[in-house]
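Each of the two complexes below includes chain A, the first together with chain B, the second together with chain C.
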Partner chain A sequence: MTTAEIIRDLVGKHGKLPVDVATLGDDSDLYTAGLSSFASVQLMLALEEQFDIEFPETMLKRATFASIRAIADAVDSIVRDQAAA
Partner chain B sequence: MNIASKADAIGLGERARRAARVAGEFADAVDREGRFPREGMEAVAAERLMGIQVPAVHGGEGATISEVAEVCAILGQACAATAMTYAMHQIQVASIAGFSGGSAWHAGFLKRLCDEQLLIASATSEAGIGGNLRNSVCAIETIGDTVRLEKDATVISYGANADAILVTSRAHADAAPSDQVSTLFLKDQYTLEHTRDWDTLGMRGTCSDGYVFRGEAPKEQVLPAPFAEIAAESMLAVSHLLWGALWYGIAADAVARAQGFVRAAAKRSPGTTPPGALRLAEASSLLQQVKGNVVAGLRQFEAAKGDADRLSAMSFAVAMNNVKVGVSQTILTIINHCLLINGIMGYKNGTPFSLGRHLRDAHSAQLMISNDRILGNTSTMLLVHKQDTSLIG
Partner chain C sequence: MDAQTSFLDTLFDRGILHESGVDGLYARSALFEDVIRRFEDYVIGLGRDETDEAMVFPPGMTMADFETSGYMKNFPQLAGTVHAFCGDTHDHMALLECLATGKDWTDGQKRTGLALTPAACYPLYPIVARRGALPEGGLTVALQSYCFRHEPSKDPARMQMFRQREYVRVGSADEAIAFRETWKRRGSEIMTALELPHHVDVANDPFFGRAGKMMGASQREQELKFEMLVPITSSDKPTACMSFNYHQDNFGKAWNIRQRNGEPAHTACVGFGLERITLALLRHHGLEPAEWPDGVRKVLWG
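Our next item is the complex of A and B:
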């Protein structure tokens, strides 16, 4: 599974969206789809667990979780930074 | 701060104090009768304070959030209902001025607001959303160039006295509950069917009755930015800061009354320290904490202003939540201290040391957006947010 697919799966499990995640594109706005701030935190925790990463404070903002692609970009960049460290 | 902006700030303070003197004269009557603070709000309009936050290009004075907060604090010392009405109006102005994204209609409205000193109310609360303003049941309906909306609004503060109402709803009939927009309706574009009375312990003059709102307007009156953005980047922070400022004002006036009581006692028996003096010192320390809390929040907001990333950051939301919870709790402790100092003279109505109205008004602070809800929200964020342990930041 690609990063985006794993993330899609986690959004489905933890995003508590009123719509089926399969109906959303990678660029669909998750907040418009009904992602609440509470669910976004649960999703964040699941992502940290899944990818063994920690979101830095600078990424804890709305834009990071705006779409599946935005999350994938964020996860990739953290993984890269952690590998480089 | 350059000399010109300092002069403006002094001008605003002086105008606010003049309005506050009028508001203060009628504060007890407004409270007793549970009526709109008409005299106070007329005085605010006469001092042309309604549009100060509007940028100069749209006819306002471009006042900063700190300057608006100072006006709220000054009014709060005189009449909490006037101050709260003014603060809620300014929260709506901030949303419209900040998120109309070049909409000519909204720019024209802001100009009118300044010219005519219009009062804007807000309808976010709704039956069936469980107090969470980030959810709507009602949906706005677009028919050609017109939008139509019906909302069972459990609370519209000073709705009957407003010139316009900013109403949240779902963006369209199929939208998720959190996919919301804000629409500004003018007085001749809506009707209000009264459904719920506002007969409360305190803040009686905000007249936050419930209504069924029914409105129809040109679709250009829908704010272009999604409500999610407005709430995250402006409304929540501005609410907590302006409320915090006027709550500080309520507590500051209570401390002033207690100080007056202690000084009168000291004059009666020179050479002895009155029994309330130590408690007054304690209240003064607590009041300084409240002031520091609000001022730090205002500085943080101004430093982040215009930067969507910083305004929507979790650290910012945690800080604003902390201002709200901290101030709303501490003012009750302060006013209770003052009541212990003033004794029966504070407990009685109609004395120069009366504190009943202050205490009752202040009790609303922990309920308007329930502190339990805010603490719950903060506790969720603390699962991932890393705290900034630096002192100066």
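Our next item is the complex of A and C:
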């Protein structure tokens, strides 16, 4: 599975969306699709566990979790930073 | 000695507050309560024409409603719940033995079905929900409650037990947002009339932990909460004396409050920290209300 596919799976499990995640594109706005603030926190914790990463405080904002692609970009950037460290 | 401790000690020395041995838990003097009462009368007058009803709550709410509020999701560190002895004679003897020997006697305390109210508007929502769909035009309620937050502090403006007076709007999104904007404006007018330095700023609640950072950032980005800030013990970190909150349909959904069209109700509230406003007045105008500026006295004492 690609990062985006894994993320899509986690969004489906933890996002508590009123729509099927399969109907959403990678760029679809997850908040418009019904992602609540609290569900986005649960999604964040699931992503951290899945990818063994920790979101820095600067990334703990709505934009980071606005779409599957935005999340994938954020995860990639954290993984890169952690590998470089 | 820092400014917070110094102001608190001055309040104790003058007998305006009385210490208890626990930070944030104080007895209030007649002088202090008179200011609170006058301020409440003033604010009640400002909102009277648009208020449908008024309520005063006891300092506790049902555990079921406390759970429904979602408070434990967001602020577990601030919550207080009520537990009590529910044992038999044998348990009572064991409790007394612990007390006598200085051991922890609270182990056997059982839940009572009560929690201390953390925010004055929470007990309102289940009452409104039980009535069925909202009336046309929604509902505006004036209320007051003692609240509890577990955050002991030497800052007299951060009490563990304090009162909030609120106006709560329950209705459509437009009605809730318009209400909040009205009170943001009125809040500034109130502070100007009371001759207190102030400004309004976007804010977030003190959500718990790392997840809370995200909740807070999200709340700020959506501009759901504004605070009326007044310097009391610090000009760098002024104190929130009022807050103007738009809850979206969070409470409407949590308690199943419906608009006439069946949609979940949106809610907004303006909260006045009664002790904080009184402390701000004492800080800026002096510890003798009889000597406060004429304009301020006219607003509060007529």
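The criterion applied here is as follows: the second predicted complex is superposed on the first by the 85 of 85 C-alpha atoms of A that agree within 3 Å, B and C clash if a C-alpha of one lies under 4 Å from a C-alpha of the other, contacts with A are read in each partner's own complex, and residues count from 1 in each chain.
By definition in this document, a contact is a pair of C-beta atoms (placed from the backbone, for glycine too) under 8 Å apart; a residue touches a chain by one contact, two chains touch by 3 or more.
What you see is a predicted model; the values in this text were computed from it and never measured.
S.K.: Using the overlay on chain A, decide if chain B and chain C clash or can fit next to each other.
M.R.: Clash - chain B and chain C, as placed by superposing on chain A, overlap.
S.K.: Pick one for A:K61: touches chain B only (first), chain C only (second), both, or neither.
M.R.: The answer is both, since A:K61 touches chain B and chain C.
S.K.: Please indicate which partner A:L45 is in contact with in the superposed arrangement: first for chain B, second for chain C, both, or neither.
M.R.: both
S.K.: So, A:A83: does it touch chain B (first), chain C (second), both, or neither?
M.R.: So A:A83 meets neither chain B nor chain C here.
S.K.: Contact-wise, after the overlay, does A:S37 reach chain B, chain C, both or neither (first, second, both, neither)?
M.R.: Once the two structures are laid over each other on A, A:S37 reaches both partners.
S.K.: Quick one: is A:P18 in contact with chain B, with chain C, with both, or with neither? Answer first, second, both or neither.
M.R.: In the superposition, A:P18 touches chain B alone.
S.K.: So, does A:M1 touch the first partner chain B, the second partner chain C, both, or neither?
M.R.: In the superposed model, A:M1 contacts neither chain B nor chain C.
S.K.: I want to verify the contact counts: of chain B and chain C, which reaches more residues of chain A?
M.R.: With both complexes superposed on chain A, more residues of chain A are touched by B.
S.K.: Of the stretches 37-45, 91-99 or 109-117, which one of chain C hits chain B?
M.R.: With chain A aligned, chain C clashes with chain B through residues 37-45.
S.K.: Let me check the overlay on chain A: which residues of chain A are in contact with chain B and also with chain C?
M.R.: 37-38, 41, 44-45, 57, 60-62
S.K.: What part of chain C is in contact with chain A in the complex they form?
M.R.: Answer in residue numbers: 70, 73-74, 210-211, 213-215, 217-219, 221-222.
S.K.: Can you list the chain B residues touching chain A in their complex?
M.R.: 134, 171, 175-179, 226, 228-229, 232, 308-310, 312-315, 377, 380-381, 383-386, 388
S.K.: Can you check the complex and tell me which residues of chain A touch chain C?
M.R.: Within the complex, chain A contacts chain C at residues 37-38, 40-41, 44-45, 57, 60-62.
S.K.: Please name which positions on chain A make contact with chain B in the complex.
M.R.: Residues of chain A touching chain B: 17-19, 31-38, 41, 44-45, 48, 55, 57-58, 60-63.
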